[in-house]
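A quick write-up on the structure given underneath.
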Amino acid sequence: MKLLYFAWLRERIGVGSEDVSPPEGIETVRQLVDWLKTREPRYDHAFAETAAIRVAIDQEQADFDAPIAGAREIALFPPVTGG
Amino acid sequence: MKLLYFAWLRERIGVGSEDVSPPEGIETVRQLVDWLKTREPRYDHAFAETAAIRVAIDQEQADFDAPIAGAREIALFPPVTGG
Amino acid sequence: MTVRVQENDFDPTTELDALCAGRDDIGAMVSFTGLVRGGDVSEMTLEHYPGMTEKALEEIEREARNRWPLQGVTIIHRVGPLAPGARIVFVATASPHRAAAFEAAEFLMDFLKTRAPFWKKEATAEGARWVDARESDGEAASRWTREKS
Amino acid sequence: MTVRVQENDFDPTTELDALCAGRDDIGAMVSFTGLVRGGDVSEMTLEHYPGMTEKALEEIEREARNRWPLQGVTIIHRVGPLAPGARIVFVATASPHRAAAFEAAEFLMDFLKTRAPFWKKEATAEGARWVDARESDGEAASRWTREKS
């Protein structure tokens, strides 16, 4: 499963994308993020405020309770500020 | 006093502008138009429906009850259709 | 502030660039371009009231500036004969924020359509006809008065 | 329909001309141009999510077409580093009538600002900072939902 990070989330984590293999039992975006936070302090720092983070599964906006089974690409990013 | 006509009013009257000297007692735009209608049939035809006619006195929108004393230029025209 | 009545065509990029030239405090520019619609119309001729037209457009522009924080306004209206597809009118607004730029441009068009002394004559296969004023244009203009009262 | 994400600048006239090219049934074109505001900002960098961005813009465009009788829509968004005064975004709509062209352009901008995956980073004398999402943008977008319900 490919993870993508954008804007300050990318800067805090230090990479724009990475491939991960979450262990069994990680079924939602929220669980995925909680699992990432246990890996290294930089994730804990990046995901400190999940209310400020948005998610897209396979390039479609989703929410933190969305199931991640079958997802090829999960993107995590701050609220958008284009235009 | 200079009178200006635009659009179909100009076409019906046959000229775009003319100088007129209304007789005494012609004090408002309405009286001016009524006086013009007595002059020749083309004016009567042009001003048949005064509800469809707008007026500007010295290049400012006015109404049919406005006094014409001191006016240099009175324009009569159909509702505008620009833009 | 630019208000022009002209026979010649104009260039939207040139006008938008002029609107924001030499400054970097403008966040939003909105433009409206009106075009001659074809169909059974082979040519459109725009007549106007020289002198009053410019005054009316300047007054409309002043009213827009009183209502919204505008950094620039451009109004261009063509006169004379125009072919289907040709540009007739151009209105552009510049503001720090997009809502003001949008509203002011719409206001300018609504007022231009009901207050500026222009008249359209259409040439068709059946002959020429003067365009009738549309009631919906009057309604569009009057909503700005209602909203403010 | 034109949706483009690019580093290069664009030309409003070229885009407006393309929107109405070869047809004479368009009466109104509205354009919005967003510019980089200067002040204490020396440079603005736009990051985006390639692949999703285009999808999001196409979806926003589809929603606008479902709501208004549009004959054409153009959305261009620049990415990469941009100087103060530079164009960032361009949205244009074409319709037989001006109210639809205005509303659709405003709708497109409101939705683009809240749904398209772009992020702005400002460089200032005190360092770089990511721009925070504005609550007013969320409110601007949600009014289109309220109006329809």
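Chains: A, B, C and D, in written order; residue numbering restarts at 1 for each.
The criterion applied here is as follows: contacts are C-beta pairs under 8 Å (C-beta built on N, C-alpha and C of every residue); 3 or more make two chains touch, one makes a residue touch a chain.
All values reported here derive from a predicted model rather than from experimental measurement.
With steps allowed only between chains in touch, the distance from chain B over to chain C comes to 1. Shared contact partners of chain B and chain D comprise C.
For this pair, chain C with chain D, the centres built from the Cα atoms lie 22 Å apart.
Taking each chain's centre as the mean of its C-alpha atoms, chain A lies 26 Å from chain D. Inter-chain spacing, taken between the CA centroids of chain A and chain C, is 48 Å.
The distance from the centre of chain A to the centre of chain B, each centre being the mean of the chain's C-alpha atoms, comes to 73 Å. In chain D, 34, 109 are the positions where the chain touches two or more neighbouring chains simultaneously.
The set of chain A residues touching two or more other chains is empty.
Which chains touch which is summed up as A-D, B-C, C-D. The touching residues of chain A, counted against chain D in their complex, run 4, 6-8, 10, 56, 59-61, 75, 77-83.
Contacts from chain C toward chain D in the complex involve residues 11-14, 16, 20, 23-39, 84-85, 96, 98-99, 101-102, 105-106, 109, 140. Listed in rising order, the residues of chain C touching chain B in the complex are 34, 46-49, 51-52, 55, 77, 88-89, 109, 112-121, 130-134, 137.
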